[in-house]
Every structure is written in structure tokens, then in C-alpha cells.
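Going by the order they are written in, the chains are A, B, C and D; count residues from 1 in each one.
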Amino acid sequence: MKLIEVTDLKKYFPVRKGIFSKSDKYVHAVDGINFSVEEGKILGLAGESGCGKTTVSKLLVRLLEPTNGKILLEGEDIAHKKGKKLKEFRKKMQMIFQDPYGSLNPRFTVMDTVAEPLIIQGIGTPEEREDAVAKALDIVGLKSPEEFLFRYPHELSGGQRQRVAIARALVIEPKFVAADEPVSMLDVSIRLGVMNLMLELRDRLNLTIVFVTHDLACARYMSDEIAIMYLGEIVEIAPTEELINNPKHPYTKALLSSVPIPDPSEKRKRIEVKGRVSTPIDPPHGCRFAPRCPHVTAKCKKKDPHNVRVSDKHLVACHSFKS
Amino acid sequence: MSLRRYTVMRFIQLLVTFFIVMTLIFILFRLMPGDPGVFLISPKMSEAAKETIREQFGLTKSIPEQYIFFIKNTLKGEFGDSFYYGRPVKDILFEKILNSIVLFTFGAILAYAIGMTIGKIIAWKRGSKTDTFFTMVGLGFWTFFPPWLGLILIWIFSYRLDLFPLGGMITPDVWAFNPTLSQKIIDFLHHLALPLMAYVLMWFAGSMLIMRNSMLETLREDYILTAKAKGLKDKVVRDKHAARNAMLPVVTSFSMSIAFSFGGGVLIETVFSWPGIGRTIVDVTLLQDYPLAQASFMVITLAVLIANFAADIVYAYLDPRVKY
Amino acid sequence: MGIIEIENLKIYYKTVKGYVKAVENVSFNIEKGETMGLVGESGCGKTTIGMSIMRLLPRNAKIIGGKIIFEGEDLIKKREEEMEKIRWKEISMIFQAAMNALNPVYKIENQILEAIYAHENISKKEAVERVSRLYSLVGIDPRRAKEYPHEYSGGMKQRAVIAMALACNPKFIIADEPTTALDVMVQDQIISEIKEIQKKLQMTMMYISHDISVIAETCKRIGVMYAGGIVEYADAIPLFKKPLHPYTKALMNSFPSIKGEKKKLTPVPGEPPNLLNPPSGCRFHPRCSKAKSLCRKKAPKFVEYQHRHFVACHYVG
Amino acid sequence: MKIIRGKSKTWDLFIKSTLGKVGLGLLITFAIMAVLSPIWIARNPQIYDPLTGKDPNVFGSIPPTMAHPLGTDQLGRDLLSQLLKGSQIAFLVGISVGVFSTSIGTLIGLISGYYRGKIEIVLMRLTDIVMTLPLLPLLIVISGIFGRKDIRMIVLVLSLAGWTLAARVIRSQTLTLKERPYIESARVSGASNMRIIFKHIAPNILPLTFLYMTIGVTYAILTEAGLGFLGLSDPTISSWGMMLQWCFMSGYTFKALYWMIPPGLCISALALSFYLVGYAMEEIVNPRLRER
């Protein structure tokens, strides 16, 4: 069953110009993307900084309202829901953030932080909430919750903070979690622990996760499927191993070739890509990657590429690929 | 955006602000119970003269028309005649504002130069005895009550040591008998010394403390480490890299504190009988010379706005990143 | 004999809560023309070592003991004025956060010229020419030297910082996380740029990073640090083929890769220790699966277990 | 529990700072003076009332005696009474202006930082304009126009003009706090704007608010004293600024140091004590100022 399904999702931000005048220029942060995630699966959303992956995660949990498009959560469109109706849906979705230092209010105890979603949603009595908090802390591996309940964030280590943030996300038993680079600021030995925890929780609670990352190795480790973003568009989406071993889009190939390998005896073939990412402000027609693409043709500069099916679940948006 | 365009934008902002302040004053003066004419019409005038003034300032007309008259007159510099001096307000103001500008400009430049120099040195030697000493002195002077500071300076340097005159800007006796230019200058500087000292003592502390804090933050920047790693001498790192960047917040705070500084200026001018705009506004208010009081306030506001504008332009010039 | 030899280096930081024992008995040497990598998690002391070689430690840091011998002379004994001459001319640095390593209010060209003038008495024409040569070397259009840092992208700033580090032809360069803040593709370009320049100029380098894959790609010889000490020091290929220290093994097992089989990885249990009060004996013992009572009591010696392969563990192998 | 623990940490740091201790010590001294004022006057209001009292045995200003530990003014009024009463007035003016202006500033800062958009632009332009108003000249002109000099009006004008700095700083702080993930995290859970402002942002801004309150108090004390010195403060009260003015106007300035020194010293010292408390606070609130 598709838990979340996104069609033609767009988010444009106006470029702020002057005091009272809004400019007619827009940053096309997310420009018409489509994907769906099966219940209990993890989708890795990967790309370089500025490609729009964080915006997508914020759209999914409706921190932002999309400019256009549909976001179906369990079949119901939440793209433009407001007020009470949106609040109702918020019980089903949560988000985990990158910065373990910023994701907890420094003036809230662990108890306050983890219980907050329950309080906002008006779930349970104080005693029930306390039990729920203790249970959530236990799930994320903070054993003996009484030791943590009344601590402040500055009394916790980075790894513990991120676990508290995860406990908070899980306490209302959501169906869907958007995780925005949840491990990129953690040290290696802790990073793996948190990733393993998320995998384990997915299995135990049948969670559906969109895992946003710039690190393809982490994306591979975590995801069932990976979508590669470039300048607001998904250029390629496929099951993880298929994407890693059989990339079709020139950008995906270049990106994969630039990931360093933790083995000095291995020599990787680098695919050098010229130029820089162009600006997302009112991009011209045609393939966004065309100015940097080694296989660029005249068609690429004129016409937007459509998704081409490589195999059942492997889609690529490139003119040079013929199925 | 270029510096020129920024300057133009900032200048337009200045005009808008001044316009709003003018409106505010207009409202303020109309808020007062009774005939608004009292502010422009001296009780001593003849009926005919009163009538002329009413015409001239549109006081017989409706409030919106009065407003337009008011704005027009202000822009032309027509504030009527001073009740007390019996002369056009603009002639008196011109002289007074010049006297103030001399004192204010010298005072500000000296105070900021001294404050920033000491500030950067003590920040560089943070935690040392020099640092503690100057921080304490700075905190003390920063909250010194300005007129009291003036009185103490007069007591020490004029009353006890008899080094400087008690007040005023010139000695009438000297100026009455065809003095040479150098005599004039010396006499003027002699009078300028004490009020200037009061100004400097009052203000150096603020710039010093801000410079110190700003330096402490700048010193943690990576580019300071780079500068040291490049093998540059300490003094070069301190002055060329740290102080240059630390200046920026000081300039900002200068532009924000100008209005407040003018308040201190009023008190200093009063204590030292300095014939500037600050003392004028106090005197004429006590004398109920409304045209002059109103105009003085507007001139002071305009001066603040211009000083503010200048500080912002300096800032934009100092910081290549300003691109609003 | 190496170009730089570090013996029993010990550095503490004084804080309100007590002394942070940041670096404890670190010894290693780097041969001329070699690229040495220092890898470890944040707070393990790798940056402190880099900074101590430059003698640029923060004010609250103190070198308690040891020697830093550069070309036969102990840098710790040098006076500040002597160090000023050595910095950048003999040893230069590529900084961690290139974004902030450039002063925002000066044009980049002037910032490089300043370094050249501080050490060499050459004409402006020559110096400017050198800047454009450096710019070409690191792959930036030399005309852009006259711009301010905020006009550069992240990757360009990093290149400019590399150009600056090369300005005085130093004998030894310390690169402290030079690519950490960059995107993969830019990181990749910068790494290959650094490797190429290193080969071309036959430079000696120390490359500091938390990312073991970056170190694996750039360095011939690798030191693995944990909680203030080097636990293992060896040539890259043998180190990866057969790591000896339990921490090195654990660290290598903590990085997922995009190559090879996808497998479940097991993390090191626990968290890195607080160096205000480090564990007794071997600092890794509380997290080590092989720890015995000896590990708790006695710090292991750093010994050459095999040729050019040093390790600090009581139970090697 | 939460508040106490949060505060005690700040307090621990505060009490470690020498400047903070000096400031607090001075503050307590002046508070004691304010408390002693009615007791001292009540001994004999005919002699010791700061405004209407007069010692029949005294002619002109006299130096300190047993009956008048600080001497008297030219009308034979007791200077100690005036000084003690002055500390009451200074606290009253300082703290009320501090509280009012900082409340306004905090509110404007919070609103403009949180809601952004047009509200922010309007409020920040307003802040810029109010900031460029020279306050003391404004007060002088207002007191001239209205003729009636009333301490409540002075407090009102000072409050209405003195919030700008706090508003600016709190706005920029709100802007950064707003982007913190914990705020977004609360929003994902469905928290309302009110909950976010008052539960999440406001408590984190409180130390800053307190800091700007101390600055506001300092500025109010100095400005009110300035008005008093110019003879434009409320004539029905006796403030330190007015004491100094009476001294200056009666020509005793340099002849009677016992008269000239205490009020000026008190104004400066009380302003300093609030400023020191704020300064010590800032080193805690702004950890970037702390030595690493």
C-alpha cells in the first residue's frame, strides 16, 4: 500500500526585492516532483546542497505549503489543509532534524520535549503521558528513563540528544517520519548507532520514512529506494542497489563517481563534471543539468526531459536514455 | 547594489523620516489646548502684526491647510520671529547650530578615536590588569551624569587650578578690541578645551566598551588565526585584521546612539554656557519662546538624521558585503 | 629521519571545570614528500596537534611535555619572533572552515600578497604574478583574484585558501578538514586538486579529517587517533588490509560504503570519553570488546609491531 | 522546578562575576536608602521634609552638622532627606520606565521577528524613526508646550521612546530562534503560533529582556536627572537632578561641595549599578563574550 504519494509537487519562493514590492522572480526550490513510498519502506532523498531536498521534507510534513501539487497521505490530499484539519493529520507525521543541538529547546527537560506532541494534540492524562514518554525513551535505547526525564539538553551528549529527538517524534505513534539529514552532524561511531536504531524502529513499528541526505553511502545503507535530486527536480529514482550499480542519468553517474571509498587499494573512475550548479531562480526551459552534462544535445536545452522507465521501478529523466 | 545606489536609497529614507518627524511636531503643537497661534504670536505684538502672522502661517485656515502651510514653511526655513530675540528664527539658529557642530564633531571624533584605540588594545590583552583597569574606568564614565562631570571638571580645572575659563565660547573683552586671528583662535580653543574634555570623557567609554566586546568576538574568527598563521606580526594582526572588522559594530552603535548623545550635548552645553543649539532649546523653552523652541527641535532632529545617514554611508563603505 | 618528528607530545586545556587532557603522549614522524593522514572523531585531539605544530594553540592550551622537531629543531623551544618567520614560509596551513578563513573586508589577492610580503622581499609585480600563477594552479581564473571573499562560491574559497597556503613554497603543509563543508562533487575536485599539487610540488603534508574514506584516498601513511592518543600508525594499504587496534577495526566498520556488498554494520558501543576525566589505563577500554583487567590499569605502549606499523594495545593480534 | 533550575545556573555564573557583585551591592545600598527615607523624614517632617521642611535654626546653606549629616540647602532644607527621597524617585522612574519600555520593546521585537512580512517592515521603520528622535530635546519641548511638568508624563514619554534598542535586538534574536529546529518540531506536532511564541521563544528571550531592562533603567535615571538638572522635571518631587540644579542655580556649586557632590554621585552610582548588573548578565547571556 502506498502510504505517501506525491504528484507534481512544486514550491516556489518569491525573491525579496524591496520594501513593499515583491519581485516577480521566484526560486524554484522544488519544481514538479513525483514519487510514492510504500508503507514500511524507506525512501532516500539524495542530492547536493541547494537541490531542494530539505524543502521536500518540509513540504511532506506541511511545515511549508506547496505552491502546487498533491501530497496524499493514506489517500487523502494534505497539500492545502489548514487549521484543525491539518492538526488532525499531524498525529500521523513527524520530522527529525539535522542539528541535535538545535532540535531540543534548551529550556525544556527531556520530559517536556518528548511529551509536547501529546500535550498539543491533547492525548492522555498526565500519568498516561508520562508512561508514553518513558516507553518512547526506552524504544530509542535510553534505558532507565527516570535518569533522563528531568535532564536538560545541555546535560546530554550529541547522540543522546538525537535519540531524544527521535523519541519525541515517535511518542504520538506516527505513520510517517521525514528525517532531514538526521546523522550528518553526529560523530561516526554514534552515527551508525542512530541509523541502526532507525532501521530497527522501521521494522518494529512499520514506519514509513523519507530519509534526506547528502551522503550516498548513508542513503544506500538506510533506504529501500533512492531518489536523486538536482536543482529542484528528481532526475532518477530506483531501488537502492539498482541505482547504485546501474545508474542511468549522467548526473547520478557523476555523483556516484565522486564518493570517496574507504579503501586505499581501490581505484575509482572519476567522472568530472564541468561548471557549477546554476541558479534556481526562474530556470530556463530544458534539462536543468544540460549546461554541465557531458552528453548534452540541442534537444536537452529546449525541452524538459520526461521520466523514462528503465525497468519496473527505475525511472530516469534524461533525453539520451531510450527505454 | 552599488554604494551610490545605497546612498540614494538611504537619502530618500532620511527625507521620509524627516517628513514624519515634522508631522509629529505639527500634531504635538496642535495637541496643546487653546489657540495654536500662541506658538507663533508673541503676546507683545500689535493686533495688525498678529494678523499678518496669522496670514503668513495660515492659522486662520483649516487644520489640513495649516499642515500644508507648516510643511512649506519648514522646508523654506520660515519659522517666524523669535519672541525673545525679536529676530527671524533661522538667523539665530544658523549661528547656534554651527557652535554645536564644532563641539559635537570634535568631541565625537576624539572620543571615538580614543575609545577605539584603547578598546582594541585592552581586548588584545584581555584579562590583563590594563584590561580590568580600563574596563572599570570605562564603565564608570559611561554612566557618569554628564552635568555633574562638567561641574567637576570646572571645579578642578577652572576653579581650583584656574587653567580654563568657567564657561562660554569666547571672552568678550578679547574680541572687543580687534584681536588678531591667532588671538581669536587661541581664545576660542581655550574655551573649547573643557567642554570638549567633558564630551570626550562622556563618550570614549561607550565606544571603548563596544570596541572591546566586538574585538573579543572578532578575535575568535578563523581569519584571525589565518593571519597569525601567515606569520604576520601581532600588531598587524590586531590592527589590520581584527580592529578593521571590529570597527563595524562600533559604527553601527554610533549611528544608533547619536540621538542619545545629543541629549548629553544639551546638558554639557548648559553647564559650560556654550551658545549652541542644545543650550538654546533649554533657554527658549523656559522663556516660552515657542517658534524658536519648535525650530530648534527640528534642527536638532535634522542634525541627528544627517549624522545617522553619514554613519550608515561610512558603514557601507567599510563593509564590502553591504548589498541591500 | 623525518621532516617532522613528534615525541611524547602532551597538551592540556585549562577550563573552569579542570584540565582537559586533550593530547597524551603522541609520537609520530613524517618523511619528506609523504602525505600523512590523521583520522579520528571530533574532540580526539587531531586539530590540537596541527595547531601545536604551528604554535597557534588557544590561550588556555598548554604544551605539558614532548618535542616537535622540525628539520632538526624543536619548535616548542622557539621564541615567538622565530615562529613568525617559520609560519607560512616553512609550514603553512589549509584551514578547516575556508568560508571563514578569509577576511571578509579585503580582496583575496591582497590577503595572499600580504603573506608573501611578510616573508619575502620581492617586487609587487613579481608577487602579483605569483598570485596569478597560484590561481591557475588551483584552477581559478586569475582575474578573479581582485574580488572579495563573499563573491566566491564555497569551492572557490577553498581553492583560494589552498593557493594562499602555497604562496611561500612551504616545506610542510597541514590541511585541517579542507573539504568537510563542501558538497561531494566539489570535495572530489578539491581532493584530486590537492593530490595533483602534492605530487607536482613534492610537498610534505599532514591531512587531518574525521572521514576515513577521504583519508584513504589522499594519504600514504595514516595515524588513527582516539581520545587524545594515536592508537595505530601505519602505511595506508596494510592498515586497511589488516588493522591491528580494536578501535581502528571498529572505526573502519562504522562507515557504510557505496562499493561492495551491502551489509549490516555494528557500531562501537558507548560514546567517546570526556577528556576532563579520561578512563584509566587504555582510554579505549570501556568500549573495547577485548578489554581485560590489564587494560584498565595500564596504558599500553606505542610500539612498532611490524615494520612501519605502530600500535598501542596490550593484546595486538 | 524548571524555572528554578534554569535560573540558578545563570545566578551561579552571575555571582561569580566581580562586576555583577559590585553592581548588586550598590543596588542594595540604594534600596536601603529608599527604605530609610520615610523613617528619616518621619522624625520631624517640619524640619526633614525634603521640599517643605525648614530648620528654623539654619540660615542659608550650611555644611554637615549633627542634625543635618549632609548639611542643608540655601533654604535650610535637609540635604540627607532630599538625597534619601531622591533614591525613591530614581528607583520609581528607573524601574517603571525599564519595565514599560522593555515590555514594549520585547513585544514589538517578538511580533516583528515572528510574523515578518509587512508587519515587520512597518514596525522596524517605526523603530528606526523613534530611534532617531533626540529624546531629551523632545522632553524639553513637550514640557514647554504643556507647561505642566508631571513625573508620570516624563515616565510615559521615556517609556514610549526608550524601547527601540530592545526591540531591535529581540527581533534579531527571534529571527534566529524561529529557525531553530525545535520550533519547527513543535510546529510539525501542531503547536499554535501562541504556543510557539510564549512557550518556546519567550522563555529563551527572557535573559535578553532582562539585560535590556537594566540598560533602559540606566537611561531613564540619567535622562530624568538631566531634566531635573535643567529645571524641567516635576516640581512637586525632589529628585537628585533637581538637587543638583538648586545647587547650580543658587551659585553654591563650588562653595558647597557637600551639596554638589552627593546627588551627582548618587545619580552616577545608581546608573552604574544597573549597568553593571546588565554587563555581568551580558557575559552570561552572550556566551560568545566568554573566553573559550
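Basically, a contact is a pair of C-beta atoms (placed from the backbone, for glycine too) under 8 Å apart; a residue touches a chain by one contact, two chains touch by 3 or more.
In this text, all values refer to a predicted model and were calculated from it rather than measured experimentally.
Trainee: Out of curiosity, which chains are bumping into both chain C and chain D?
Mentor: A, B
Trainee: In terms of C-beta pairs in contact, which of A-C and A-D ranks higher?
Mentor: A-C
Trainee: Averaging over Cα atoms per chain, report the distance between chain A and chain C in Å.
Mentor: 32
Trainee: Could you tell me the distance, in whole angstrom, between the mean C-alpha positions of chain A and chain D?
Mentor: 50
Trainee: Taking each chain's centre as its mean C-alpha position, how far apart are chain B and chain D in Å?
Mentor: Using C-alpha averages as centres, the distance is 23 Å.
Trainee: Which whole number of Å gives the spacing of the CA centres of chain A and chain B?
Mentor: 55
Trainee: Give the residues of chain C that touch two or more other chains, as numbers and ranges in rising order.
Mentor: Not one residue in chain C touches at least two other chains.
Trainee: Quick one: which bits of chain A touch chain C in the complex? Just the residue numbers, please.
Mentor: 48-49, 157, 159, 187-193, 195-196, 214-218, 220-221, 240-241, 244, 254-266, 268, 270, 272-273, 276
Trainee: Enumerate the contact residues on chain C facing chain B in the complex.
Mentor: Counting only chain C, the residues touching chain B are 54, 56, 83-89, 92-93, 95-97, 100-105, 114-115, 118-119, 148, 150, 164.
Trainee: Where on chain C does chain A make contact in their complex?
Mentor: 41-42, 153, 155, 183-185, 187-189, 191-192, 210-214, 216-217, 219, 236-237, 240-241, 250-252, 254-259, 262, 264-268, 271-272
Trainee: Under the stated contact criterion, what part of chain B meets chain D in this complex?
Mentor: 17, 20-21, 28-29, 31-32, 39, 126-127, 139-140, 142-148, 151-152, 154-155, 159, 213, 216-217, 220, 256, 258-260, 262-264, 266-267, 270-271, 278, 281-282, 285-286, 288, 290, 293-294, 296-297, 300-301, 304-305, 308
Trainee: If you look only at chain B, which of its residues touch chain C in the complex?
Mentor: Interface residues on the chain B side: 221-223, 225-233, 241, 244-245, 318-321.
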